[in-house]
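In what follows, subunit A forms one complex with subunit B and a second complex with subunit C.
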Partner chain A sequence: MGSVFRSEEMCLVQLFLQSGSAYDCISELGEMGLVEFRDLNPSVNSFQRRFVSEIKRCEEMERILGYLLREIRKANIAVPEDDEICPVAPPPKHVLEIMEQLQRLEVELSEVARNKEKLQRNLLELTEYTHMLRITRTFVHSRSRNKALGPQYEEFQSIESDSAGCTGMQRLGAKLGFVSGLIHRVKVEAFERMLWRVCKGYTILSYAELGESLADLDTGEISTNVVFLISFWGDQIGQKVQKICDCYHCHLYPHPENDEERADVMDSLRTRIQDLNNVLHRTEEYLRQVLQKASESAFTWVVQVKKMKAIYHILNLCSFDVTNKCLIAEVWCPVNDLTNLRGALEEGSRKGDATVPSFVNRIPSNDTPPTLLRTNKFTSGFQSIVEAYGVGDYREVSPAPYTIITFPFLFAVMFGDLGHGMVMACFALWMVLTEKSHKRKRSDNEIWTMFFEGRYIILMMGLFSVYTGLIYNDCFSKSLNIFGSGWSVRAMFTDQQWTNETLQTNTLLILDPNVSGVFVGPYPFGIDPIWNMAVNRLSFLNSYKMKMSVIIGVMHMSFGVVLSVFNHLHFKQRFNIYLLFLPELLFLLCLFGYLVFMIIYKWLAFGARDSRLAPSILIHFINMFLMQGGDNTPLYPGQTGLQVFLVVVALLCVPVLLIGKPVYLYWLHRGGKSLRLRRGYERVRRVSEDDMSQAPAYADDEEEGFDDLMTSRDTQPKEVKTATVHTSHINI
Partner chain B sequence: MSLCPELSFNVDHGYLEGLVRGLKAGILTRSDYHNLAQCDTLEDMKLHLQSTDYGSLLTAGNEDLTVSLIDHRLKENILTEFRCLRAHSLAPLSTFLDYITYSYMIDNVVMLITGALKQRDVAELLPRCHPLGMFDQMAAVGIARTPAELYCAILVDTPLALFFQDAVSEANLDAMGAEIMRNKLYKAYLEAFYKFCQESGGATKNIMCPVLEFEADRRAFIITVNSFGTDLSGGERSALYPSCGRLYPEGLRLLARAEDYEQVKAVADYYPDYKLIFDEPEAGSSRTLEDRFFEREVQLNTLAFLEQFHLGVFYSYIKLKEQEARNIVWIAECVTQRQKSKINNYIPIF
Partner chain C sequence: MRLLFLLLKLFPKPDMAALSFVIPMSVMTLFWGIIGGVVPWFIPKGPNRGVIVTMLVLTAVCCYLFWLIAILAQLNPLFGPSLKNDTIWYMYYHWP
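Moving on, here comes the complex of A and B:
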């Protein structure tokens, strides 16, 4: 049997890698994806392994690359990703070069970025300052206009007239102070409240919202700010005000003494902002250049570093032979690929300039090898459906190839519409034809990826749906009349069964196939389109589809059971055939196989003429279990006798299924007197010819595992039975 | 609906409970701690933590790896998770989560006050506050001279204002006063939280009440033990004991009368759970009383995950995560100071 039907034959292989060329060998093996490595030092902690420092270096590089990519993305530069060029892992001597390059880039980038941020911060401060000056001027002026007082002490004067008692403060020589700055819009209310509470009202706060929003450099959020001006007396209150401002993260700027100073400051600010903008622009230009250059090779670096890290992780799995200066790796390799493996090792040794070639040593093993099922882009979808139910054991029969037909077909039996099937097939076909460009896009959309991964399954399902749709004669739920119906209404009139009067008096008319010429013959392919007009269309189609489902279902299940024979034969467990396979099959065929027989028999035995006599199969089937002939007329002579026989056989299968295998195994390892038992022992010994001591160990295991075995065997047939009964119930 | 809150629990909090249980699965296990304790450098620890749920927590950024950085990152991690939970939470749960933050807020306020008394700069103190208890008005705490001023001017807008009923006094704040204020606030907080949990009823009550009772009793014990040698009298002390614990009222009265450690131990002997904690540890173990209280707390908190449809998991998760951060920092400290003998004094959680 080829590898399509069973998982690939594997063998345990020891690789002796020269420490000098081990890296290249592993790299070569990794590119080919030939082998699975076993961990030879499972007891060693991950940070105590041999190549930890190399892995750390790779991680450092990954970190720098992550930073680099983030910056590139921030600058909106596309990273060219090309699947065609797949860079191999760099040789160890080039790693330092890449590392150096990366570090240089990082230093350069972070310096430029830091400069840029500093400039931006500066710029933000300056803009805030100008805004503040602009707005506080309006405060001052509005007040001075109200009171029409001189410009020097306008605030002071206005406050004096506002609140009595402050004249005393003035007399004491308390100095009038100003604090002005910007605060977040959301915090203003709390800020004002606390200010009032702490300073007991000895402050005056005026604020106005800033027209435009400024970005916060720390969080990157854009927020609206409010400009405020606090006037207060005295140093103590001044300190408190200062503290409160600190606690609300206000941006404070010095408040100018008079209008001239304000104008001066505004002027100087304007020129500084202009300069800063220039510098900032140039910095950004330079940053972009650096990033542009880095983005060209970023993708290659990412792949290379990833591969390198993977190689060191694999090298960590190997054990180190001090005397021979070589690494020993244990791998699982498909037997067919051993020559490729040798070739890859030679290639690796050549690249690594090793004096002694690395070599391969096949070692015997009693462990169960991993299951390898090769897939291509067509079968991988079906394989993953099978794997959703469970991965088969090593060398077990793989159900995937049969699934390629059965899965889409069973889907189509349920879907069964020509039109919809066509739409589906076209969609899938489009995906299949354009798969290369889709693969390159690498979409993140989960639902799309799911469809795309299953494109071949969808295609098959669509095609099968077209087929079943033709059989059901269903196209967008309408029938197609391609070949011309086999029924004729005209014949009813020519035969004088119907007249115009019948048409007028009856709402429902029944075509009688017994009248000659009404039913010419079956429709060449699928269901006759005349059923589309019939009132009992649904009940007819349902009955038909259900019977078809029962037949297909029973066939499908029997096929599955038959497949298990190949496993039993391959694993040389002949008793499984007698104790599991045969009773299962008998059970299935005696009950449900017989049902299928009855369905087909009824189709064949009853024609249009005696269709009124046709019995209900369901009643017959139920009576079969009750073992009553009842008042039903038998379908054929000897029906009751056959049915009783079948039920008895099926019932006899149940205890065999339940306890057959455990009892046999128990007997096998307890007794030793009977002939069959000897054979059992011989078989055990033949399995482990190379190691005689394995035989008793095997027996010991059996003893301990007996209870487990019993329970596991118990449940399996039950599942089979309930499953069969259940499915047929649904079908019926 | 109110008869059986479990029935409608999932409508509002099902997602978050699932989330928190998922997060709980990422709490380090004994084998993780075992591996961490074998590390020789912080780099090794980083490498090992990478294989846990922390992932690249310590890898990001290129600062030098120090214990304080680890501590900072772990706290930040808890904060991010907590913020996510808080942002998605609905009515009873959001209040419950707020209650969790109040205890950290109390600690922060008291720390800032004591810092201000020692003339420390607020900017220097702020980074040392627990991020879970951060609030806007915090930095202004240093302005206040008396608890009354503190309450009226600064904290009246914050949720802590509720707990100030007993703590308002005109006496000047000093180190001792701050400490007393902390305990008074804490007492009010615990009692309020306890009441809230009791009113929630159902499994929340069953889970949270023992945890809070334990918390209250622990505070009572610790206050008593710490007050020996200070001029705090028994009467003053008893005003600080939270009254929602299992010691209330009989045990608290006895504690108020206690004058040395032996007498405290005698009080604990009446209660089987606390007897275990106060019993002399077997020779060779260097666990302090505090450690044993933490151990018991971890035990109680892990119990919360055995029941479903209650708010206790959120509290327990945050507390366990905090304990985990303490453990990791402890191990990191031991690693940097080469104190291998003490490295196993962490408190394993699962």
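Moving on, here comes the complex of A and C:
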């Protein structure tokens, strides 16, 4: 498919939509996802557009739906399974129905929720009252029960049991009062202390902890409560006690005078609680029923309302023509999809029962069309990585198909572990195989969504890591010995090189490849497993890995530079090939390509025999730039001459890169073939010459400033140069 | 294969190493050559053919290059591994 290589060809199209069927046509276009609309009313405020009231209606519906969905989630009702069906946006006549239903549901739900809350509050009060009665009974009869329930006070036990009796207190004329209720566990000590200080010991407080914890309706937390009973005498003390209880947010309940009253109250409370529980139960069932019924259609409504809102937004972008009967829209459409576009409009006109069908009209345009690159579920991840660096221009070569392999490969070069790579690949494979069910669930967890969206990327990275792990011979940081190592220790013991005595006297010994039989041959696949056990493992590995990075980096950069040729050829700017591509490539290859050559040459030409004479490539490279030499042994005969030549060529490329193209374009605009300044005659010729350069920056202006040309060109060669120098510095 | 032998004659190397270099070299070149050069012709025509062919060729080039660098770096080692004496003692008895 050609459209993977570069972005698709687009054309500007005018759509003439009849007002009646405009909604349906755009709905059809939206379902197919073909076109990009241009805003034909850019100067109009968003509050003054045509379809603002419809959009307001949609947002109101979205609000109600949001409330509905929250309630459904709170009640833990399951999402309907068949999420594959994507509903189409409803026609305007159905919208009012949906709106009415939603409003009715909202009113009903809020009423039921309010009632339920009231009932629950009532139930809580009654339950607390029951507990309080039960526990204060034990206070009053504490003597007979023999239980230690908090601080022991002397009880006035005769007051309760003796209905006709008068105690010493009553003879004094003081009236004994009781205040009872519940208070939070954490406040009890402060409450007690406050009572003692304020009432100066004229009150008696008994309290006991409530066994079960009750949920506080206002805050929703579960807290332990303590039942208390305050006995006091005197009215003023009573008022003070009341105020203190208010201050500590206690729930107060009337204390019964005697046992029979207590028993009566408890009975009535029990029946009331039972009734309340029944009613609550029924209410909850009813609420659940309503939500269940709503959940069947709520999710489709959400999608439908969203689509409707989108359609009205698009309709706002169109403009009405003079007769006010026809909507005009300007869209960018891929050339390959023009027939689909026509089909969609016909379908929309048919659905909207239009008398006059809508039609399309292709118009020429000088604007740069948008870049369209079609992706499937596999390539979309890589495309988004590429777009993170920037979206390409119209019809430029797209780097995405190469990124599918190079990105995971470069990751694997850095990761390089067989065991961990397999774990990664298995995880990604599991995500890929179960992707349908994960897509339906649509989790809220951001980290999981990130991993899931990149499942194909992770799979590729894992697979390549397995390969590079095999080459680095690294499996959970241990080496595998599949083919047999190329280094032989036994050979060092023959020829009397080593003996048992050498082993005993030296802790570290180095194998010498010059001794025959020690080095049998290179390990056929990857790094030799003996290096895993060597102490100087990093000396070898570092040198290997840095050289490898240089080679891979230079090849990758050259590949990128070569890709630009396709752009130059496509946009018919052949001069770019000579003024941009060639100098870039020459600069890159003369310096860093030569470095790669030196690396490979040193690997092939220098062995163990002449290891003492093997020169350092780094020193050679630096000397090449400084044009010094002579201290180091040359790698090969004629090296200095070749290096001087390469440096000169590279240095000559730099001015060509910097000012070659601006000078050439300036020269073009000034006179074409010659440098004469005969203005009159040349204006005619210049017009025809302008057709040659299609790049929009240069097309219109005749008096092209030299500085404009310079600034438009300058960034690229600097980037290439800094990139190459940076890479080589890191690697060396 | 013959070209390889000629190329090898240019550089000084022990003979045993030459053989153990030639066999993996030819096997890997053949393997990645088939994946990168032959399999693309057999991919059926469809909307994804371009992507799949690009992927195959790039994979072949990258993986072959990576393996080649690994084996070239070890072809003529300038120094050997430095081992502890108990490792050497173990390897003397247990490694071939």
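Rule of thumb we're sticking to: the second predicted complex is superposed on the first by the 493 of 732 C-alpha atoms of A that agree within 3 Å, B and C clash if a C-alpha of one lies under 4 Å from a C-alpha of the other, contacts with A are read in each partner's own complex, and residues count from 1 in each chain.
Heads up, the rule we're going with is that contacts are C-beta pairs under 8 Å (C-beta built on N, C-alpha and C of every residue); 3 or more make two chains touch, one makes a residue touch a chain.
From a predicted model like this one, the values you see are computed outputs, not experimental measurements.
**Student:** Based on the superposed arrangement, let me know which partner A:Val413 touches: subunit B (first), subunit C (second), both, or neither?
**Tutor:** second
**Student:** Would you check which partner chain A:Gly486 touches, where first means subunit B only, second means subunit C only, and both and neither mean what they say?
**Tutor:** After superposition on chain A, A:Gly486 lies in contact with subunit C alone.
**Student:** Look at A:Ile551 in the shared chain and tell me whether it touches subunit B only, subunit C only, both, or neither; answer first, second, both or neither.
**Tutor:** After superposing on A, A:Ile551 lies in contact with subunit C but is clear of subunit B.
**Student:** Based on the superposed arrangement, let me know which partner A:Tyr523 touches: subunit B (first), subunit C (second), both, or neither?
**Tutor:** The answer is second: A:Tyr523 touches subunit C but not subunit B.
**Student:** Can you tell me whether subunit B or subunit C touches more residues on subunit A?
**Tutor:** Of the two chains, more subunit A residues are contacted by C.
**Student:** Once the structures are superposed on A, label A:Tyr467 by its partner contacts, choosing first (subunit B), second (subunit C), both or neither.
**Tutor:** A:Tyr467 sits against subunit C, while subunit B stays out of touch.
**Student:** Considering the complex alone, what residue numbers of subunit A touch subunit B?
**Tutor:** Contacts found on subunit A: 45-47, 52, 56, 59, 63, 187, 190, 193-194, 197-198, 240, 243-244, 246-248.
**Student:** Using the touch rule from the top, collect the residues of subunit B that touch subunit A in their complex.
**Tutor:** 35, 38-39, 43-44, 47-48, 51, 59-60, 62, 122-123, 136-140, 142-143, 152-154, 156-157
**Student:** Touching residues of subunit C toward subunit A in the complex: what are they?
**Tutor:** Those in contact with subunit A are residues 11-14, 16-17, 19-21, 23-24, 28, 47-51, 54-55, 58-59, 62-63, 65-67, 69-85, 87-89, 91-92, 95-96.
**Student:** Once bound in the complex, which stretches of subunit A touch subunit C?
**Tutor:** Per the stated touch rule, the residues are 1-2, 4-5, 376, 379, 401-402, 404-406, 409, 413, 467-468, 471, 484-490, 493, 498, 503-504, 506-513, 516, 518-528, 530-531, 533-537, 539-540, 543-544, 547-548, 551-552, 555, 600, 603-609, 611, 614.
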